[in-house]
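Below you'll find a set of structures to go through.
Two complexes are shown next, each including subunit A; its partner changes from subunit B in the first to subunit C in the second.
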Partner chain A sequence: MKALLGIAAASAWNRRGTLALVVLSIALATALLLALERLRTDIRSSFSQAVSGTDLVIGARTGPVQLMLYAVFRVGGATNQISMDGVRAVAAHRAVAWVVPLALGDSHRGFPVLGTSTEYFQRFLYGERQPLVLAQGRAFAGTLDGLYEAVLGAEVADALGYGLGQRITLTHGLQASGLAAEHADKPFTVVGVLARTGTPVDRTVHVSLQAIEAIHLDWAGGAPIPGLAIPAEAARKFDLEPKAVTAALVGLKNRVAVFNVQRFVADYEAEPLLAVLPGVALDELWQAVGLGERALLALSGLVALVSLAGLVAVVLAGLNERRRELAVLRAVGAGPRHVLALLALEGALVTGAGALLGAAAAAAAVVATQPWVQQSFGITLQPGAPTAAQWALFGAVLAAGMLASLVPGWRAYRLSLADGLSPRL
Partner chain B sequence: MKNAFATLPARALAAGAALALPAALVALAGALLLPAAAQAQARDGVPLMKPPLQGAAPPATTPATPASPAAPRTIQWEALVPPNWDPFKDFKDLNFQLLDDGDPRAVKMLKRMREVWDSAPANPAIEGQSVRIPGFVVPLEDSKEGLKEFLLVPYFGACIHSPPPPANQIIHVLPRTPAKGLRSMDTVWVSGPIRAVRTDSYMGMSGYRIEAVQVAPYEEKRR
Partner chain C sequence: MIEIRDLRFAWPGSPAGTLLLDIGTLEVAAGRSVFLHGPSGCGKSTLLALLAGVLVARPAPNAGRVALLGQDWAALPAARRDARRADHVGVIFQQFNLLPYLSVLGNVLLPARFSAHRAARCTGGPPAAARELLERMGLPAALHDRRALALSVGQQQRVAAARALLGAPELVIADEPTSALDAARRDDFMTLLLEACAARGSTLVFVSHDERLAGRFDERLSLPALNRARADTDATATETATAGASA
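Presenting the complex of A and B:
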């Protein structure tokens, strides 16, 4: 067997030009399969880690998935605002322990700005009930004196190179094009930077709800009112209590009451509201996304099949030029079984090399793109030990490659002893 | 249908909504009577909601061979309701048939019933017992290892469709080891000691909690 392996390896090396191409195509297919699987698991875990300890998310009537996407993941936009009266009514419900309002819609150089209450820093949990931790500085004061204070997520601070004391201006809307209108007259001071969480919080600039009100005082209909400019200092004299917010996170005293509160919110008569259980909404999202995921996985499976078909074709085509080689082997005493084993081994070697190369390429790609993916999408890729599904895919590629190499093996097995020894001219 | 079809669309809509009200009341009544489902059907001919997930082996009779003390007892959702609790105590004099469509009294009744339902008491007899119960999963806390907290409810869609189940028909499950591969509305068997949890801050609101030793997929036939 060992001798056969040596012969197979030496023979394959002799035809390394063509086989290298086959190895490359198998490597690419394997890398595609493995990277896709990694992406799929990491996107899921990123999303499910993004919020914890929150029993309900409330917002304007839209789909549960949509509400979760814009309120928690900062993907897409809100369909409507909800009034603070509605939020207060929910907060007054006897089963509700706390409510944290969220006001979205502005941005700073492409990073979303979140207006919220100071309670956010105590109540918001992520991952497995982990609280937010300040890496530097402190939370914004939430008072009139500290009106223009901002707390940055870790990614914002890293990507833009900001530290404490940095002055920033907010942009109206969510585009970082430089075309959008700036709230340049009311700059904010960075007073805190949060530790990295691996969630959308990292990409968020946090300010107080009153600050959001203040920067929009002299705005109407989505543009600054001509001739009206309220200086930053004068803004403090206005009523800065927010009238409406985008969404709110709700925590309950007893989680069993979650359906009652959900029902209460749905039946709230003063305005149409929606309350969703984060876990249920996420499951709905996976149901919708699952179809696309399966289609992608099936496609990469097909790519793997095509490259294995390439392997079979190359080895089969090679058989003709190797008639001499095989015949000589037969002449020195190799049986048909040995020839079969030789070709199967060659196939296994090629597939093995391709799959290993592919796995390495996938791992390298994950490591290389990790910072970019984190910054652009807020998804934390975890280059590390392969998941069970990745092992399964890797094994499937190897097994399929060995099976496929039995085809040329069988063909060689059927060649007669005399076949290659009597040259046809 | 009155003359809803003949009138303006807006009026037709309003009439439809009004017609639905007493129907909702009847459905609510049916659901409230679930613990005594068969009885209710015989008494009122009330159309019932989907029956709750049944335990495959009703523990009505004691088994011939005594189970080991550690083996949890398989129970049904009815066991969570105190035997003497009558949700209709306050509604004895009410005749649904006499209520007109959109009757303000019907709307009021619906609200009252909701309150009775929300404060449905726990069954003291079941407290502390090691039980095994089937139900649907509503996920609460997800982690990489699996679900760390979820609610167990007796009917499919209990959280999405109206109305939600009463407090004593919801179990807060805390699996000892996170339950992997569960999605919302999957059916499972949950076994472990059951406790009634009463939060004083929420008037009368009680519920059950199981620190689940085992969470297993539900199968129709018990092997």
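Presenting the complex of A and C:
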């Protein structure tokens, strides 16, 4: 077998021009499969790492998945708000330890702005129950004096090159386009930058709930009220306690009560509310997304099959010209089984080279696009060691390639049996 | 050395009752050089394939004994035949003898890759023995690491001869190895091949339709004369044959 491997490698190298194209197509197919799997795994882990230690997320009545998407992942928008009365009623439940209200809807240069309470910085946990850490500065004060203070997520600070003391203005709505109206009259000052978390927090600008109220005092229906302009300083004299927020995170004293509290929220009579368990909502999300994922994976699998069919076609097409070569091998003592092994080895070498190249390309693509994916989607791609599923896909490509190589191998076996020492061309 | 008894052979698919080869007795002693001639299509290449154990005279209606060193090829399973051929037989074709993707030296070393027996019989190890054979065949060291196809046709045939002789196999089979060579090169090649076979004690079975070469061999056999299946179609060949020649 060792004798054959050297011959197979030399023979493949001799036809490297044609085979390089096959290697390339196998590499592309492998890269597609592996990159897709990486993306799938990392999207899931990014989502499941995004919030922990929160027992319930409450919001206006909508789908559980949608509520999670806009409240936690900052994807899409809320259909409706919930009143602070409702939030306070939940907070008053005897099983509830804490409630952190979330007010979304504004943005800064495409990054979402979150209005929340100072308690957010203590209560919000991500990943394996890790707390938020300030890389620079401090949390916003939450007082009237510190009304226009903002704390940036790591990605916002990095992407925009902001540091402490930077003055920023917020945009009404989530569009980064010039069409959206600016809250230019009430600029904010950056007082803190959070350490990187790999979650949507990195892409968020945090301000106090009161600040959200203040910048909307002279607004109605998504536009400034004509003729009414309340200067930044004057805003402090108004009642800035929020009347409504987008959603709220709820922590319980004891997780056992989670279904009690969920029912309490659902049965709240003053307004329709929804409480979801983050884990359950994520499972629902994966069920919905799973079908699309499988379709994509099946398509990439087909691409791999097509490239392997190309391998078989190329090797088969070259076989007739190599009948002399097979006869020479037979003459020096190779059996038909050696001829089969030679062709199969050649196919395996080509597949192996393609698969390795593809794995390298996938890894390179992950490394290259990682900053962009992080900034655009808040998803942290892990360029590290392959996952079990990636190994499985890699192995499947190799196995399929070796199996496919048996086709020309078998044809060569038949030819060399029929030809003996003198090919009848 | 070589022993054929009552060999009957037809290619599968040929009409029933028509044989390609029907040979009563043929024996060649060890170390002899035999010139086997006959016109194209008379079954020379098939006979060589049978002698090399690539073909066997089985199943029926094929029958008979084709033995090398006392061992009937047909009695061995296919894998054993391949191993035995690697151990004991060297083959030179008419042309296209070399694997284009190996160097000259790599081509000569092929038998040692497939046969430990041949490798062990190379004095000083296969690479040294291969280089020595190539030198003997008039191919200087500068050519040994060239690509096989970079050589002229005459040089390629000498490389093929060196390969067939590596590890001193008991039998060397040459199937019209000189037909692609001009007269001067043909004579050089014949001298080198016959000397090398004699030096190693290898039996040489040399097939050609060019009877001018026959004088340099120990024996001369006419296949049409031996072959009862085709005797009627090749009356002229029978006349010139040394009928029923054997060692």
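Observations on the model:
Basically, the second predicted complex is superposed on the first by the 415 of 425 C-alpha atoms of A that agree within 3 Å, B and C clash if a C-alpha of one lies under 4 Å from a C-alpha of the other, contacts with A are read in each partner's own complex, and residues count from 1 in each chain.
We take it that a residue touches a chain if its C-beta (ideal position, glycine included) is under 8 Å from a C-beta of that chain, and two chains touch if they have at least 3 such contacts.
The structure displayed is predicted, hence computed values, not measured ones.
Clash-free side-by-side placement of subunit B and subunit C is the outcome of superposition onto subunit A. With both structures placed on the common chain, the touch criterion links A:A275 to neither subunit B nor subunit C. When the shared chain is aligned, no partner comes close enough to touch A:V193: not subunit B, not subunit C.
Of the two partner chains placed by the overlay, neither subunit B nor subunit C lies in contact with A:V207.
Of the two partner chains placed by the overlay, only subunit C lies in contact with A:H338; subunit B stays clear of it. Within the superposed three-chain model, A:V113 lies out of touch with both subunit B and subunit C [touch as defined at top]. Within the superposed three-chain model, A:W286 lies in touch with subunit B and out of touch with subunit C [touch as defined at top].
Looking at the shared chain after the overlay, A:A362 reaches neither subunit B nor subunit C.
Once the two complexes are overlaid on the shared chain, A:R330 sits against subunit C while remaining clear of subunit B.
Superposition on the shared chain A places subunit B and subunit C such that, viewed from the Cα centre of subunit A, they span 110 degrees in steps of 10.
Taking every C-alpha of subunit B against every C-alpha of subunit C after the fit on chain A, the minimum distance is 50 Å. Subunit A has no residue lying at the interface with subunit B in one structure and with subunit C in the other.
Taken together, the subunit C residues at the contact with subunit A in this complex read 45, 48-49, 52, 54-55, 78-79, 81-83, 85-87, 91, 93, 96-102, 106, 110-111, 113-115, 163, 175.
The touching residues of subunit B, when paired with subunit A in their complex, are 114, 118, 138-144, 148-151, 158-160, 162-165, 167, 170-172, 183-184, 197, 199, 201-203, 205-209.
Those residues of subunit A whose C-beta lies close enough to touch subunit B in the complex are 45, 48-49, 52-53, 55, 94-95, 127-129, 253-260, 262-263, 266, 277, 279-280, 282-284, 286.
Those residues of subunit A lying in contact with subunit C across their complex are 3, 6-7, 10-11, 13-14, 324-325, 327-338, 420-422.
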